[in-house]
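Heads up, the next two complexes both have subunit A, just with different partners, subunit B and then subunit C.
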Partner chain A sequence: MVEELRVKARELLKNKQVELVIGYQRASDGVSATPCFIENEKDTDLLIWDAYCVYNLSSYLKDHPGRKIGIVAKDCDLRSVVVLLQENQLKRENLFILEMECQGVIDERRLQFSDKQNQEISFAQKCKSCQSSKLSISDYVIKDRGEKRKTPDDYDEYGPIRKMEVKATSERLKFWQEEFFRCIRCYACRQICPMCYCPKCVAEQAQPFWFSKAINLEGNFSWNVTRAMHLAGRCIDCGECERACPVGIPLRDINKKIEKDVKELFSYEAGSSTEAKSLFACFNKNDPEGFIK
Partner chain B sequence: MIEEKDWEPKIVAFLCNWCSYAGADLAGTSRMEYPPNVRIIRVPCSGRMNPLFVIKCLMKGVDGVLISGCHINDCHYSEGNFYARRRFAVFKKLLEYMGIDPRRFQMSWVSASEGDKWAKVVGELVDEMKSAGPNRFADRLENHGLPSDRQTHSDEVEVT
Partner chain C sequence: MLKIITKEDLHKILISLLSGFEIIGPRELSHKGIFYEPITDMKSLYWGEGFATEPVKKFFLSPSEYLFKGRYDNGKEVLDDLPLTRNKRIIIGVRPCEAIGLTLLDKVFNADEYKDEFYLNNRERTILVGLSCLKPDKSCFCTSLGGSPESNRGLDVLIFLGGNEFIIEIITETAKEILKNSGRDLSQAETKAWELDRKRRKESLNYRIEVPESLDKIFESEYWEDVSRSCISCGVCTFLCPTCHCFDLVDEKRKKLRCYDGCAFCDFTLEASGVNPRLAKKERYRQRVFHKFDYFKKNFKENLCVGCGRCIRFCPVKINIAEVVDKAPLVKS
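Up next, the complex of A and B:
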């Protein structure tokens, strides 16, 4: 796979089909992967591909307006590219999508719990419910010829959400208060998110002043609820916010909750089609309104 | 902290200029009686409503927030309330999930001729707020956010 990727990247740069290839390279620790930006065909040998390639590289696309970019993308990254195209943040003709057939990526925090018998544990949670390659927007697909990793059939991706939903309201509040109590407002969740591209974030706005910038419950609660709401119908569950969070707030549980509701209420799935309008940019005359008096 | 017995719920209502605001006005000019607990803020359309308005109200200690607009198909701007309906269907569920009493955030459609419905909506809302009790969120903030019986998570890890 890696060889095919390198050859293709070299060819793209040589033929001037793209000016820049965004992919993964080995980090200085010799184990993990780190994003790399290749402009010269001689450097394409830096490119790697393995289960450590966790980052969603589509967050970098918006930093290079007007340039022709080749991007190495997993299935979840493809969905975020779709949303960015839907929202007119990218031009399709400026993109060359190199899709990697993905078998799942490693979650470093889970690694220590896996052993020879049960390596499944070390894969990121998001990979358990991933239904690979439903999209066909890539320009070039690099197939994985290895044995396919099996995901458990009975895996309920909304299991933790359902568990939470049946709890009492006060218990839920207590849970989230404790989680948000740790939030240091570093905004890593926002910075890493491919969908958070507002030039001026509401969290930094002073006029009007929406919520406290101080690290207190008011600010932390408002920020986390607002962040989640701004991603409603847009979050494609790449799980990067949760991975980037330095204090381990289960942000995916909030994103998944909205994803579940949106699926149930409007049969809408983020990042499933470039033609469809964004969730909140359209409506249906028969949208549910049982909650309105 | 206000004594429970003197407490009266504070409700902020965001009314659309074209229907609900006129409906509330009609209730007033027809001299209908309804509880005085509601503070009205006029917005151009229910579609103008941003979830941040609601979050800010709740964080600052408002007991209940109501958004009211034109009935579906009657929007002055044709489709503003359709967008609002979608947005707040998701938002209401999110708030509930985050542990905020679902009674504290409500929506209604009140037309310019429904002064009686307005009075009824407010009456019901105030009753519900009275049963829900004061919004303690703002009090908790002053105590640095944590209830006194805070328990730390156990060390057991369940890996699936």
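Up next, the complex of A and C:
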């Protein structure tokens, strides 16, 4: 797979189809991966592909406006490209999508804290419910010839959410207060998120202040809830926020809850179709109105 | 002064000290990491070889702290100081690199020109009990910056774990006073064994980098563009750094708030006029490296980095500052 990727990237740069290829290279620790930005066809051998390629590289697309870019993307990353196209943040003609058929990526945090480190690969939670590619927006697909990793049929991706939903409000509040208490407001969740592209985030506005800058429960709660609400109908569950969080807040659970609500209320799944409009840009007279009181 | 003490006895001493001190120590939260927290049940103390996510810096330079408040008194503006917390604390399990980090912060907040009363108050009311490292992490590089897994700089006590018996090196008079009747002295053979163990710990870290004396010549280099491309401009590296100390002053609810800020954020240098002198990632990342390995050294004769490896371990995109610094001199400007 990796050789095919390198050959294709070299060809794209050589033919000037793209000016830049955003992909993965080996990190300095010799094991994990790190994003790489290749402009010269000579450097394409840096590209790698394996289960350590965890990053959703589409969050880098906004850094290079107007340039023709080749991007290495997994299936989940494709969904974020779809949303970015929907929201007019990208021009399709400026993009060459190199899709990698993915067998799941590693959860490095769980790997770090697990006792049986070398015995089994610890796949990221998001990969357990991955319904591999339904989208056909890629320009070039690099197939995995290996045996397909099976996702269990009975795996309920909303399992943890259902467990949480039945708890009393006070219990849920307590849970999230304890989680948000540890938040250090580094905004890694925002910065890594492909959907967080606002030139000025609400958290940075000083006149007026929308919520406290103080790193305490009040400010932390406001920040995390605001971030979650701004992703309603837009989050494609790449899980990057949770991965980036240095203090281990289960941010994906919040996103999944909203994803579940959006699905149930509006039968809408973010990034699942190239034709669909974004959730808040479409109106249907049958939309539920239970919240208007 | 050296003493041998059992784990149980150390826990007993800590429990007896709870009446006069707040005790803070590392605790492991499953799947989340290790965090310094106030401890009342000594059994929950973490004695493993892992490193806390946040350094002890936060107990001295608070992530957010209200400095003073304003009010109107018969139409006149009055500013009131907010009361300082005076209770005594013991922080246990501090890694040598974090303690060295505090001695570097002292140079800034306890300087002749300026003494920060909040920081100094926190320093004065705290006893630091260190824990020597046995298994440095793959991101650790303290020995390249004058530190060591067994350094006692900035500490009151340094603990060497070994089975159920700990060897404690008692460094300051305050600590001697508290521990004068605890544990037993070491025999000659035990002292010899400890010296060997100490040497072994010192040599346990093989990864070394070359830190250049000055980075002046490569300020304009394209190198900074290359190494900062994957940076996502978040605050992980600065907030988790034991030595980064930049802050923002904010007015909230008639109070003046001082909270962490970091040079990686885009709005860190945004001026009221709308001009931002560090608009590009390369300028911001370069600033971080230069502050640590150039500017601070020019002012205080030391690097503003202790090689704890946190910014490498927790960087969401695995930028490695040790590697960036190590490779920097090789780049021709």
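In the analysis below, the second predicted complex is superposed on the first by the 280 of 293 C-alpha atoms of A that agree within 3 Å, B and C clash if a C-alpha of one lies under 4 Å from a C-alpha of the other, contacts with A are read in each partner's own complex, and residues count from 1 in each chain.
The working rule: a contact is a pair of C-beta atoms (placed from the backbone, for glycine too) under 8 Å apart; a residue touches a chain by one contact, two chains touch by 3 or more.
What you are looking at is a predicted structure, and each value in this text was computed from that prediction instead of being measured.
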Touched partner set for A:T226, first subunit B, second subunit C, both or neither: first
Partner chain in contact with A:A27 - subunit B first, subunit C second, else both or neither: second
First, second, both or neither for A:K62, with subunit B first and subunit C second: neither
Which of subunit B and subunit C A:E165 touches, first, second, both or neither: first
Partner chain in contact with A:R182 - subunit B first, subunit C second, else both or neither: second
Partner chain in contact with A:K143 - subunit B first, subunit C second, else both or neither: neither
Touched partner set for A:G248, first subunit B, second subunit C, both or neither: second
Touched partner set for A:N216, first subunit B, second subunit C, both or neither: both
First (subunit B), second (subunit C), both or neither touched by A:R110: both
Common interface positions of subunit A, toward subunit B and toward subunit C: 110, 113, 216
In the complex with subunit B, residue positions of subunit A that touch it: 110, 113, 121, 164-165, 169-178, 180-181, 202, 210-211, 216-218, 220-222, 225-226, 228-229, 232-233, 254, 257-258, 261-262, 265-266, 279-280, 283, 285, 287-289, 291-293
Contact set on subunit B toward subunit A in their complex: 51-52, 55-56, 59, 72, 79, 82-83, 85-102, 106-109, 121, 124, 137-138, 140-141, 144-147, 150, 153, 157, 159-160
Contact footprint of subunit C on subunit A as seen in their complex: 27-29, 32-37, 55, 59-60, 63, 109-110, 113, 182, 184-188, 190-192, 204, 206, 209, 212-216, 219, 240, 243-244, 246-248
Partner subunit A, residues of subunit C touching it in the complex: 29-33, 35, 53-54, 63-64, 66, 138-139, 229-230, 232-236, 238-240, 248, 250, 252, 257, 259-260, 262, 265, 267, 281, 314, 316-320, 323
